[in-house]
Amino acid sequence: MWNTIVNSTPEIFWAGVKFTIPLTLISFVIGFVIAVGTALVRISRPKGNPVFAGLWEFLKLFLSFYVWLFRSTPLLVQLFIVFFGLPNVGIQFDAFTAGIITFSLNTGAYCSETVRGAILSIPESQWEAAYSIGMTYRQVLFRIVFPQALRVALPPLSNSFIGLVKDTSLASSITILEMFMVSQQIAAKNYEPLLMYSIVAVVYALFCTVLSIAQHYLEKYMSRYVQVTGE
Amino acid sequence: MWNTIVNSTPEIFWAGVKFTIPLTLISFVIGFVIAVGTALVRISRPKGNPVFAGLWEFLKLFLSFYVWLFRSTPLLVQLFIVFFGLPNVGIQFDAFTAGIITFSLNTGAYCSETVRGAILSIPESQWEAAYSIGMTYRQVLFRIVFPQALRVALPPLSNSFIGLVKDTSLASSITILEMFMVSQQIAAKNYEPLLMYSIVAVVYALFCTVLSIAQHYLEKYMSRYVQVTGE
Amino acid sequence: MIKLEHVDKQFADHHALNDINVEFPENETTVILGPSGAGKSTLLRSLNLLERPQSGIYQINDEKVDFAKELPTSQILRVRRKTGMVFQSWNLFPHLTILQNITEGPIHVLKQSKEQAEKVAVGLLQQVGLDGTQHRYPSQLSGGQQQRISICRALAMNPEYILFDEPTSALDPELEAQVLHVLLNLAQSKQSMVVVTHNMEFARRVATKIVFVEDGKVEFDGTPSEFFDHPTQRIHDFLNGMQF
Amino acid sequence: MIKLEHVDKQFADHHALNDINVEFPENETTVILGPSGAGKSTLLRSLNLLERPQSGIYQINDEKVDFAKELPTSQILRVRRKTGMVFQSWNLFPHLTILQNITEGPIHVLKQSKEQAEKVAVGLLQQVGLDGTQHRYPSQLSGGQQQRISICRALAMNPEYILFDEPTSALDPELEAQVLHVLLNLAQSKQSMVVVTHNMEFARRVATKIVFVEDGKVEFDGTPSEFFDHPTQRIHDFLNGMQF
Amino acid sequence: GKDSSSSKAKLDTPGTLTIGLEGTFAPYSYRDNGKLTGFEVDLGKAIAKKAGLKAKFVPTKWDSLIAGVGDNKFDIVLNDVTITKARQKHYDFSTPYIYSKTVLITKKDNTDIKNIEDIKGKKIAVGTGTDNAVQAEKYGAKTLSSSQFADTLALIQQGRAEGTLNSREALLDYLKDNPNADLKYKVVPSSKIQSAKIAALMSKDNPGLKKKVNKAIKELRADGTLEKLSNKYFTSNITEK
């Protein structure tokens, strides 16, 4: 058993470094941008000329649909459709790209709800105070509201991030040889799936623990201005 | 194609009603109870005699470990260890029980973080006001703090719930013939995995949409006492 | 009668109550005055055991509490049923209606029947001029109205003593006048009260006893006429500092 | 000079401003008085375009705004740079230090250099007696201190008009006195100000002009001496309602 | 447009034979010392070499193999695929390269199941959608779906399933590595279950490729490569009828 562990761990770890980490990081960054964009459009109130306002309402409807669609269907099916289904209509991606696209859209849908809730939790008075010193919408958003909303959203966002680390194992079904699949291939010969899975679990735990620690410090930093009550 | 859809949909749907729904509902209810218990212990401050306080601190440590463990390792591995691993130390469950146990513990770990954050977001002054009319700790908790915390926690909790619906598909790896597996079995005969997956996705979407609607109304109900600002 | 003897409360870096010895008589209105940070709130909250001093004796009627010892939960609950608290920021329960806010304690702590508790609540709402609001939520009332509800919530528990911590400082002058009139009525009906306030007019007209606190110490303990008509240099300065 | 002509603001179920015609002169202190719900805040917020009336003309110096039309963003920003607002509940930015709260506008809106903005900020902090607090966060200051910071934040933008909405109503009397003294100094230095307040002493001593609003209409527009010394029956009732 | 009459092989990547497989079934394909290996891996390399192509292996899940071979993600699938009528409706197969006998596996102390008819009403664990599952159902077993062979054997040894059907070779490989396993087996006679013909799976609209692969297999059979590989991985020659 000891031998098995020593031999296979580096291999599994390497698959993690090669696929799991880049898939997770890239997808989360893109997904976060999508989440923020989606949340912003969905809480906005269009104004100005009616044609523009109409188009905007349509965009909002479309984004609601997007969020519903990606929250309501299994990630595996989404991967399948992007990788195996879209070529039927002439859109073809290589596996890694298809993975990034799907994971980003999926994370984006979940996180957009979190971000939307967090932005709405910042009191209107903060917008007013910022407007009153002459800031533009963008300035208020990015300099005043966002930094505060992020603090509120951090725990659920980090849940999503940690979840994504593990969801990337589904990439094996679109021909990406990630950690989990590697461990199954090794288990096929040594007939120790339980042991192999435990090794994978340890490697995942390693990655997730790094994230948890990062979250802890980020949380602490973002709460630097919050007074803790006594007792 | 039309034939395939008509023939296989009832079968898939039935598997959903038989396994996906009960697995999800039972696990979420148990997981929620675990989450609340874990959150409560972790935010508590032990008092009274030092032996008791020491044991309590140990329990807190243990629960932190539990949350870390179940957030950091893949659900599939957890299922495997409970179903295939525990019999090695003499503990054996049938597949459905093993599924319920694992899904509950997994959801419990994620949701406990959500619940913990939500409870801490209720101002200390609510505790004081309730104490001042002579309420006990339990009364304050369940009559005053909880109903308010639940409102805050609802969107992330519903994310977890909707996520669980789809995570139950992993139950197939411990011999539970749930929706996804059924669709794979059919695909193994008709060689239309893409179509079968799409059907399964629609059934999932159906379940999730019901949940989303329930969430929407629950959110509305729980916010009945919150004034919405104008503009 | 409530009595404090040698009460000491030390925060991490601040000695908030320093050997406090003071009595709050029954059926009277004691007003606590003092500059910001003096320890007024800490003193008042100690009477309801929301704050736990490190040492000293606290006595309410026959019940004696030794702060130096661990307090059993049953004793804490007993003391809290004898004292009601009205907070500066009201602290109504936002998820309960006005009626539920008032009946929550009577039903779940005093175990009154729902009908009984609601009858009392409606009566109290009438007394403070707010009948008709019982099915609204706190967020649908103005500040002055919320403060009056929080007084009703305390009164519904029928406590022997009601403690008020700056009950009007978040209100505008009109609302302040309204709430102070409610307190005046209570005082006239011989309700035992302890009031922390900055309203000198109220202290002068309603108090039967004045306690002046500074730096965690009781610097004055006597009648309003002594306080206002023959102030020491320090009290004189204090009264002046509040003028614009 | 700021001038409003025929300004009307209708909320869903309430006519908050009803044909308002009023001027706010330069270098003077105009005090707006009126009962709760009269429309004072709505009026003040309209001057900063935080509230958008449905019709009427608003003029600030040479800039004319027709409320009936869609306002271009550039015009909104221009008007807001001429007016600073101090809110009743301060609304400091909790995630920024005191210094950053004050320099945020000068740096990112006025595009001043960081050094320049900080120099000005430190000077302002000195003026209000709060130097040494610049690296704290708002949550680490008392209410009166936070309110003075929010005045500094408005002043740092060097606006022509500063609008105050009940700047002291959440403060206790000592802190209120402190903040009112800051306003007094501003008034004496000929800063143009519009102040909604309930402090009659302040209105009497500092205002050069008084506007009394009720039910969304301007019921009085004149000098303090006219207002206080020869009140109409309605104003007399109003002043009395505020006494305890 | 796909020209089915063309005899030229269409390839996913020109000059390369892209081969789909799971890599999770020893000794057909699995992972050892960090490299993909096994009978079908070596076979794939040999086929490619004969055809003058480079071999490229793409491991993925079974459903994805099915979905991908139709979508030109892989040229052929070498994954212990049995030729069945149903499959032939959708896909083309090469000439078989393995003739596999089915064994009935039970726990050593099992006395209930002596031959294939005895599985009627018994709990038999089989892989989802496999031919074994079809056979087990045909003989009236209560099937329990289990995706990995190792899991299936674990279920039997833990007493949670009574037996399974699988290829003799797979079991022999397992027993080689786990001589103490609490398992016994019985070969099912071909009169009950025909020995399975294992072949390369490929898209129907690529006759050129089929020709090329068949030619390669024929040559490999002729020059003894098939037999050599079979002996290496299965300790006997199972490539002949």
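A, B, C, D and E label the chains in the order they appear, each numbered from 1.
Operating definition for what follows: contacts are C-beta pairs under 8 Å (C-beta built on N, C-alpha and C of every residue); 3 or more make two chains touch, one makes a residue touch a chain.
As the structure is a prediction and not an experimental result, all values here were calculated from the model.
Among the other chains, D has the CA centre that is most remote from the centre of chain B.
Top-ranked chain pair, ordered by C-beta pairs in contact, is A-B. Chain copies chain C and chain D are related through a rotation whose angle, from the C-alpha fit, is 180° to the nearest 5. Put simply, the C-alpha centre of chain B and that of chain D have 50 angstrom between them. Each chain gets a centre from the mean of its Cα atoms; for chain C and chain E, those two points are 82 Å apart. Computed from the mean C-alpha positions, the centre of chain B lies at a distance of 39 Å from the centre of chain E.
Separating the centre of chain D from that of chain E, both taken as means of CA atoms, is a distance of 82 Å. The set of chain B residues that touch two or more partner chains comprises 84, 193-194, 197.
Residues of chain D in contact with at least two other chains: none.
Under the contact definition stated at the top, the residues of chain E that touch 2 or more other chains are 63-64, 67, 151, 154. Chain pairs that touch, as defined above: A-B, A-D, A-E, B-C, B-E, C-D. Taken in their complex, chain A has these residues touching chain E: 7, 11, 80, 83-84, 87-88, 172-175, 177, 181-182, 184-193.
Chain A meets chain B in the complex at residues 68-69, 71-77, 80-81, 84-85, 110, 113-114, 117, 124, 155-156, 159, 162-163, 166, 169, 180, 193-194, 197-198, 200-201, 204-205, 208-209, 212, 229, 231. Within the complex formed with chain B, the chain C residues making contact are 48, 50, 70, 73, 77, 80-81, 83-85, 87, 89, 91-96, 104-105, 108-110, 137-140, 153-154, 157.
Interface residues of chain D, counted against chain C in their complex, comprise 35-36, 142, 166, 169-170, 172-177, 180-181, 198-199, 201-202, 205, 241-244. Chain E contributes residues 62-64, 66-67, 70, 86-87, 90-91, 125, 128-130, 133, 144-147, 151, 154-155, 158, 160 to its touches with chain B in the complex.
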